[in-house]
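Have a look at these structures, which come just after this line.
Note that chain A is present in both complexes that follow, paired respectively with chain B and with chain C.
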Partner chain A sequence: MNNFRNFLRALTAVVRKDLTAEWRSRELFTAMLVFALLVILIFNFALELDARARTSVTSGVLWVTFAFAGTLGLNRSMATEKDRGCLDGLLLAPVDRSAIYFGKAIGNLVFMFVVELVVLPVYSVLYNINLFRPELLLIILLGSIGYVAVGTLLSTMAVQARTRDILLPILLFPLVVPVLIAAVRASGGILQDFAWEEIQAWVNLLVVYDVIFIAIAFMFFDYVVEE
Partner chain B sequence: MKFSQLLTLRFPQNMITVKKLIKRFGPKTVLRGLDFEVAAGEFVALLGPNGAGKTTFLRILSSLSRPAMGEVRVAGYQLPNQAAAVRRRLGVVSHQPLLYGDLTAEENLRFYGRMYAVAHMDERISEVLEMVGLYPRRSDLVRTFSRGMQQRLAIGRAVLHDPEVMLFDEPHTGLDQDACIMLDGVLREVAAKGRTVVMTSHDLARTADLASRFDVLSKGKIVDSAGRDRVAPNDLLAFYRGALKN
Partner chain C sequence: MEQKPRWLNILDTLTAILFVVSVFLVFFYAPMERTMGAVQKVFYFHVATAWVGMLGFLVAAVVGVFYLIKGERKYDIMGLAAIEISLIFFFIAIIMGSIWARPIWNTWWTWDPRLTTATIVELIYAAYMMLRQGIDDPDRRARFGAVYAVLGFVSVPLTFISIRMLRTIHPVVVGNSDPGAEGSFSMTGPMKTAFFFSLFTFSVLFVDLFWHRVRMGKLAAKVEELRLKITA
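Moving on to the complex of A and B:
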């Protein structure tokens, strides 16, 4: 019980620290948001689509936007820990190191959600399509969790390397292909009003992926940060 | 005073014990069968040229790096198996401050206080900020601090949980003369509380004033060791050069 309390205390300390620092600097959020909005705008002009085609490409455009903006955020979030040696400061604390992982992952997830919350209404207006559907929001939640779970683990690995900026996407994208495919398929199905049974398999894949990669990160984070 | 503390006074035990330590990075062997012991309350200066393995050695003592072979004990606990117990008793200051620029001095200490489960947090933070002379700047963002102020706050962060053992990795790096003098005052205060201190440094003059023992590390091994009784401050350079020649 005491161990669990210590775990929660460390986890909340990391989340609170990340949110406070980001609230002050707005570095990460600004970069992610500007990038995401630019991608949407570029796609809007590049794909001059009719209403029917718009519905079919929306899920792909959305997830490309979330994935690339998310990579920017993951890279920056870990770089701030590495630049002033703060990662060592975290690792020197007498806490279960998985608490550090979950703290960083929750912080990254919050940043991603905030960007998604801004992107969705902008996209809805630009493409004249309603994205505020509970089922779609559930898919975005599940997809983001899977993306951040893997991304936080890999960004911790990549940040140790000199070529961290290019290393993260190279490591991350092959591993998140199942999440992106499942999320795009499920989102597309919802936007095209498919029956829930038709997209159920993709949702199940997202849930299984999330559980597996959270468990893997929980088990291996200690080894990833060790020298 | 507790009975266990009386025993420690009567029979000083080793706070750090290292036997036949080997560390490799790929094909390169950095530490080659290093032996090292520090008694409780000792202030040991670890001297040596660049690339001798000083930082690697301190990273192993602080549980940030895993030894390839050998035995490492800090405060009675074995590394890497009992790393969490070691970390609880350890304060580390490196040439990087390990502080967040976008948090204030007080927020930085509060964050680390939570990570170390420091009791009576408000009082302890005020006490530490007073000790390092930064209480008036407690609400300022750390990125607005000079290098010297950041290093003082880094020491505050390291002593916040009242550790028994302190490791300093070249704490004077990048500081001007005034900041060095102020840092020396804080280091003396840290040592005066009976803590065991290991400090790496290239600054022999400052080290001569602070440490009670001088060990020279070269090519991954301790090549000579002498107490303050054997090496006068003025002879430290000759001792250092002699140790490297042998």
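Moving on to the complex of A and C:
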């Protein structure tokens, strides 16, 4: 029990460190948000998002936006650790390594979720479509968890490589295909008012993916940060 | 410099003989398929190369786990060897599938689950190669490679299921086929013989190439070591 409490304390310390640093600079959040809005703007021109196309294409546009903005955040949050030697400091701390992983992952998840929570109303206003539905928020949460679980592990690997900035999306996107497909399908179904039973299968897939990849990342994080 | 092992020479010869026999079986022993004609012959090699591809990715994931547990260099060399071979074989399988699909589906390519998954698998392992190229430290390269090989292999079934939930037209010749599949057929006795022989041949070919590639990897590691010794 004591072990678990120590684990939680280390985890919240890492999360708090990330959030405080972000709160003071607001570097990451601004970059992700502006980038996300730009992607939506580009989609507006590229796809001619008229009223009819919107209902069918919206979920795809949203998830591509989240995925791209997500890589930006993942890369940056790990690069700051690496550049100023903070990662070594974290690793020297006498805590379980997985606490560091979960701390970073939760931090990344918070950033991503905050960006998503800003993008949703903006998108709703711009395209006159109501995106604030509890089911949709659930899908976005589940999808983001899967994305961040793999993304945090891979960004830890990518920042240690010579080709770091270009490497993360190349490593990450082929692995998160199931998340993107399931999330796009499920959100699309919700926006088109399908019955929950028709979406259920996709939600199950998301949950399965989340569980499997959190478990794998938990097991492998040690090997990725080892010196 | 160590000599090429005698068993490897024997295996080389055996592979060559099996290959000739397999080609003979496919073209002269197995009967012509009634509706598809000669283009169906591609099937014997298409499935066999795809099988070798998946086999190699499985081997890479397994030795990846061994590497992480034991940390011995040979597992890393084996993992890289398996993925390199499989990347090529899987690509050949995709090309041969396209050759078959052109007359049968009337298109080179369609976004069917198997085809899409195959593409994503190629991209995963291409990313694996890029990951390795981006890291100079051999230990770290081996560790990251092992982790990514396992992650990639685990994600493949999920990818397949997720795309399958969209829809499929790819025929399933071994096992039950969807009624919606196009270009399906049932194998007669001689076809089965040719098919399983071809699978066997390609598996032996895989072992042979794997052995060669692992030897090469070990020599490359030795060269790297010697170079470090000189520069140090």
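The rule is short, and it goes like this: the second predicted complex is superposed on the first by the 225 of 227 C-alpha atoms of A that agree within 3 Å, B and C clash if a C-alpha of one lies under 4 Å from a C-alpha of the other, contacts with A are read in each partner's own complex, and residues count from 1 in each chain.
Keep in mind that, in the parts below, a contact is a pair of C-beta atoms (placed from the backbone, for glycine too) under 8 Å apart; a residue touches a chain by one contact, two chains touch by 3 or more.
Computed from a predicted model, the values in this text were never measured in an experiment.
Contacts of A:V224 after superposition on the shared chain: chain C is touched, whereas chain B is not.
In the superposition on chain A, contact of A:R24 is made with chain B only, not with chain C. Touch criterion met: A:M157 reaches chain C, while chain B stays clear of it. In the superposition on chain A, contact of A:A201 is made with chain C only, not with chain B.
Applying the stated contact rule after C-alpha superposition, one finds that A:I170 touches chain C and leaves chain B untouched.
By the touch criterion stated above, A:R52 is placed in contact with neither chain B nor chain C. Residues 226 of chain A are contacted both by chain B in one complex and by chain C in the other. Listing the residues of chain C that touch chain A in their complex gives 68, 120, 123-124, 127, 130-131, 133-136, 140, 143-144, 146-148, 150-152, 154-155, 158-159, 161-163, 165-166. Chain A meets chain B in the complex at residues 6, 9-10, 12-13, 16-17, 20-22, 24-25, 80, 84-86, 88-96, 226-227.
In the complex of the two chains, the chain B residues touching chain A come out as 59, 62-66, 84-85, 87-88, 90, 92, 94, 96-103, 107, 111-112, 114-117, 141, 157. Of all the residues in chain A, the ones that touch chain C in their complex are 150, 153-154, 157, 160-164, 167, 170-171, 173-175, 177-178, 181-182, 185, 201-202, 205, 208-209, 212-213, 216, 220, 223-224, 226.
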